[in-house]
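Okay, so chain A shows up in both of these, paired with chain B first and chain C after.
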Partner chain A sequence: MNKTKRIENTFDIVRILIAIAVAYLIALIILALISDDPLNVIGLFIAGPFSSKKHIGDIFTRMIPLIFTGLCMCFVYAINKFNLAGEGAVNLGGCLAACVAIALKETSVPGWLCIILCIIVGALAGMLSNAIPAIADQVFHADVCVISLMLNYILLYFTTFILKNVIKDQGAAVTASYKLGSKVKLPKMIPGTTIHIGLLIAIACVVFVAILFYKMPFGYKMRAVGINPTFAKYIGIPVTSTIILAQIIGGSFAGMGGAVQILGMFPRYKWESLTNYGFDGLMIAVLARKNPILVPISAFLIAYIRNGADLVATKTQIPPEFVSIIQGIIIVLVAAEMFLSGWKKRLIFNAARKDLNEKEAKA
Partner chain B sequence: METHKEALKMENITKIYPNGFVANKGITFSVMEGEIHALVGENGAGKTTLMKVLFGMEQAQEGKIYVGGKQVKITSPLDAIAKGVGMVHQHFMLVPSMTVAQNVTLGIEPRRHGLVDNAACIKMTQDLSDKYEFGLDATATVADLSVGLMQKVEILKALAKGAKVLILDEPTAVLTPQETRELFKQLKLLKENGHSIIFISHKLEEVMELCDNVTILRHGYCNGSYPISDLDEAKLSRLMVGRDVVLKIEKADPKPGRPILEVRDLEKLSDTGKLVLDHVSFTIREGEVLGIAGVEGNGQSFLSDCISGMQRFDGGDILLNGKSIAGRKISDIRESGMSNIPEDRMTVGCVPTMSIMDNVMADRFERRENMHGLFMDKKKALKITDDLIKEFEISCDDRSEAIRLLSGGNIQKVVVAREFTSGANFVLANQPTRGVDVGTAEMIRKYLVRQVREQNIASLLISADLNEVLEVSDRLLVMRQGKIVAAFPKANMVSEDELGEYMLGIKTMTPDEMEGLL
Partner chain C sequence: MSLMRIGAFLYSTLRLSTPLIFAALSAAICEKAGLFNMAAESMMLWGALIGVMVNGWTGSVWVGFLGACLAGVVVGLLIALATVKGKADLMLAQIAINLASTGGTIFMLFVVTGDKSTSAMTIQSDTLPKIFVPFKKVPIIGPMLNKQNILTYGAILAAVILYIFIKRSKTGVHIRAVGENPNAAESVGISVSKTYFLTWAISGLLGGIGGAFMSMAYTSAFTKNMVAGRGYIGLCASSMVGGNPIGAMFCAIVFGVADAVANQLQLTNAPVDIVMMLPYIVTIVVLIIISVIKMKAHARKIRSKAQKA
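Take a look at the complex of A and B:
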């Protein structure tokens, strides 16, 4: 029977790889069809992101916010409540972190402390964003998915309001906040690249979440509640509070992601639209099969595809949107549990068969 | 009507489930026209799977099916019905708000001018019911019928669609002895009319009484087909489980101590406002098993849910070890001495996709002795799990295996192992051996009795299996329509027939008669 589990596990990985391969193949066909110079475009798309130190660094930089939101969605996924407020949490986290940075700019508070305060405020903002739909769902039985999607726009316009009315730099040419100041700028890790220490913070979060998921009682409660809430209730696990708490903890990572992204990448805060990092996080969590340890890997994959698309877009006439097609196909194939299931069944059937024959031969 | 034509033959059927579980291996058996053929075997032996293959709900990897001598491929239940195979499921597939006639003719309604001809529906159903002496009123609403009558509607449904071969999956599990006898009479009438019946049952004496031939399954293999006249009960049970099963449980007389669970005037309203528990009172003392018998759906599930804390009650009180459980959290109730073997192990008793270890540790992973600072102590958890696997003889490859890959009996062993070792002094056992093979059921019953006697704990046993409540319980109550209608001081002195009369409402004890027995 353990053989069955092994086949199932191996199969999961193989299925994701095949899904990616199929998606790439389709993308290549599309590129070949719409481009005058397909070979060059394809080369740029596949090898471009690895073509220089700077480009490789860009992949890692791009991963950072995706890891944070991917972790957030792992929580949401684990307890089986599709709270998508992680999207708005990125904006709110980024915006409030910027406010803190601006407020502390002229004070004597040391830089490292400012950074920590900004990130904590970002995390709190994320907790608040996720808590609203979570509580509405558990207490008032409002659909968590609908509430959270609507909330994203409330959060977006709230942060835009703050940007335009509280922290706007009237002297700037575009709508942007005052400069955040050099003391909160996250230091670069590797010269010649854009990689900043946000990557280390993200990895630390991954480790923390993995421990929380698999080594601590809360992780156990969360999984039990997510898979079988009736059982959780029967065995004495506080179902409602676990569900709400998991979403709040998850939200903190999305908010932190927003703060880290603002501090690491931008001299001023100027988000006036949703960043899409939250929704990308959902895709990354799906790709990682809800396993926080796999989140950096799927974030890397998405960042790599995106960077390839951007390179194609800057150097040729092809718009980067074509990459959405690849992502769409990957998600459909990964999420479609029945994809290749006939093959899986055959493998399991043959293994069971062999076992049986061996047993019979012995007897 | 004596014919010797083969109505059905299944040849060399092999079915392996997607999780790798070999449910059937090379099974061959055949049923003649006008024959009642028993299919017996422990749970997990492959009976249900074999019937699902026959009824088109599962596809076998290998094997052939012949109906009326012709090889057929059955791809879906609709296809099976079209080929003359009908099935009466253990859980009824009826629309409760519709009438008997509407249920029976659903999908094959006689029409007039393109519209459903109600009069013809009723006539067709009534004629069929009268022909086989089912005694049904075609215009009655299904929700108002008793379980026994609902089952007859199910059988009529299959007959109306032209079933020549009828599969009955444990039909007597939900019936009282009186209803069972009536069902048998009707099945024999069907047989005389040339129908073939496949009768799935755990109850060997029923098989001996009703059937002509029997096919025995064991661990997915066919253990032979025999004419009933060649066998007796002991021989049959040996063929089924490979050893003799003791149906009697030896136990010393109870020495009841202080009260552990006191139920006082308990009242409960259902969501629709019906009074489903009507002033129920009883006390269970340490060292005794109190049994509750009754036809299913007479308030037992509500009683069990109220005691375990899964549902709130509307009146009265429940005291566990002297403390009221009203309004308390389940974790709190469990801490004050409750353990609970739930009726439905797959949706309540376990998380199917989690490992054996996770399921065993579910109620104790947060206890201080199982923690290592902030973290769960994996080594400790592994040891606890391994010890329980050994003590309860849970057959599995290893403790990290997802529990859904185990057989029903082994899953129940995991649940029982957890609940009996939680340190509680009260065990609520609701249908603890339902759908479990004979060997495991015997083990669970003996363990329950031993724990109660040796550890001096108290237990409430709710069971639809009369043999079980009579054998395991010390005292016995009968529940009907949310009320206690009979109380017996010694369960093993009660006969099944007497019990049946109280369960069906033919007799009821007065409060004076039950005085002192609750």
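Take a look at the complex of A and C:
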């Protein structure tokens, strides 16, 4: 690797870390300014999520859906198509998985097979949701972002329709489906925490996607298309099918995420609004620089910040939504090329001059 | 259906369409400049919140309205700052702003009032005046227009003004030129970055007014997440007609009709969710049809050029 490239790569990581630090600092300042007891609140925000076994477990539990949608958005972001249908795919995946679980509840199908079927149905639902904008974009040249935003609402209302008319438990006090049954409940991994086996599934998906991205021809093709579609076309990569396929594969993870979240966390299906996991996934993909291996790390970070905010909210009046400000700042700083670009140029310039001086000294 | 009920239905259609029209116009001017406005959502949220707050402080509903406009403009300029000066990706910057705004407005409400979901109990705010028409006895039109909020008329007026502004004024031509081809525009001396800033400011202004309608006319308080996707609907309404303000207005009204129908059906046993879904399905189908027509026209043009050559 040449020197400039190396500086650029290290610099990118440093830049993301600085962006996170800046945003975190802003959050701490805000917390300090508005609370009556700043030291305790800040302590709770920073150390709270690590204060007990249960709390640490909660971070990992919270990571699970974020990893799935993060992987989905890695595909979308790697080919530079802002297909946001992953948001609705989570709902659809969760809803259809719940339907399957309810349908199989009374049958003699073994539990593990039920779980696998639910997750497969979730994945198929995600593929379908992501495929619609992808095809509309590539075949008909309609704007993928607009179509996917509209599709999210269609998927939302479709799932609420199913919830209210097909799987609603009339006996329940609120709008909720029938009980999914203990058969499909994802088993807990570590006693005393909420971590369920979904975490293993998520990690397995990360490994699979990492291999797909970096060790398989399709991954190379996909990244080439994302970086420069015209060039990819000239060297003979089927651009259209690669773009569509990448989005469909990505969608399967979002749908799977919805299914795993429902099976792992809830006794009944009752999502009546969009979950926001999809948009969170995009943020995680941005933080991970479209690298699937870094997705769990950025998901961990976001889950940690959110759990800290939730803990602050339980002990004080401060609403947990303030973390979304941090998230916004992080994305803008990471996305803004000009942020710290002067420093990067100086580094590259100095390295180049040093090289030149060495060469002249030799000559 | 009696005439009375038709009138009432049209009244609620116009009322529900108003914020959608402002969102659509906010997206339309951006579309003319070749930009993509997903952030009308944020502009409206901040407009709604700041409008109520300023209204509460000063006691004047119109000063509050100005505050709402200003809040929208600030959000617009922030996006311009991040994307033009900071060279951030447009989509990412807007998603970030939307994310920060949903939480940020709730947080600000909490800091100012101590309430986390609504300003109804804590801030004393008024609503913008309603207009009483002299011909309220006329069937259908009378009940449709009587007691509509002044901003509903404002929305229609804004669409017309924006149309003329884009079509006729010098700045409007510059905006369109930048939208067609920024490099070409730059080469004839139009400052692209200035145009972008201006476009975002106007877009923010329109979004802010839409927000003011939500909290100072549609309801009389700010509630969290009160915009609820209206910004995205506006974006779709605008992209269905390629950013033409008048067309965007009519598309927004179509969404308003769907909203009104859904509201009516909520009283009956009809499946509300399916009705709510319909406008979105229609949008997708129309968007695809329009794209196919454009594609065909483009192909024809190329073919005729090839034959001439």
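For this structure, a couple of remarks:
One rule holds in what follows: the second predicted complex is superposed on the first by the 362 of 363 C-alpha atoms of A that agree within 3 Å, B and C clash if a C-alpha of one lies under 4 Å from a C-alpha of the other, contacts with A are read in each partner's own complex, and residues count from 1 in each chain.
Assume a contact is a pair of C-beta atoms (placed from the backbone, for glycine too) under 8 Å apart; a residue touches a chain by one contact, two chains touch by 3 or more.
Everything numeric in this text was worked out from a predicted model, so none of it was measured.
When the two structures are aligned on the shared chain, A:Val146 is found in touch with chain C, with no touch to chain B. By the touch criterion defined above, A:Ala351 reaches chain B but does not reach chain C. Within the superposed three-chain model, A:Ala224 lies in touch with chain B and out of touch with chain C [touch as defined at top]. In the superposition on chain A, contact of A:Met216 is made with chain B only, not with chain C. In the superposition on chain A, A:Val323 contacts chain C only, with no contact to chain B.
Of the two partner chains, chain B is the only one that A:Ile235 touches; chain C does not reach it. Contact with neither chain B nor chain C is seen for A:Trp343 once the two complexes are overlaid on the shared chain. More residues of chain A are touched by C (comparison of chain B with chain C).
In the superposition on chain A, contact is made by A:Phe279 with chain C only, not with chain B.
Put simply, chain A uses no single residue to touch chain B in one complex and chain C in the other. The part of chain C that touches chain A in the complex is made up of residues 36, 38, 82, 85-89, 91-93, 95-104, 106-107, 110-111, 114, 116, 229, 232, 235-236, 239, 271, 273-274, 276-277, 280-281, 283-284, 287-288, 290-292, 294-295.
Residues of chain B that touch chain A in their complex: 16, 18-22, 25, 61, 308, 310, 329-335, 340, 342, 347-354, 358, 361-363, 365-366, 371, 374-376, 378, 396-398, 401-402, 405.
Looking at the complex, you find that chain A touches chain B at residues 1-5, 7, 211, 215-217, 220, 223-224, 227-228, 230-231, 233-238, 341, 344-345, 348-349, 351-353, 356. Chain A meets chain C in the complex at residues 34, 82, 132, 136, 140-143, 145-147, 149-151, 153-154, 157-158, 160-161, 164-165, 279, 282-283, 286, 317-319, 321-325, 327-332, 335-339.
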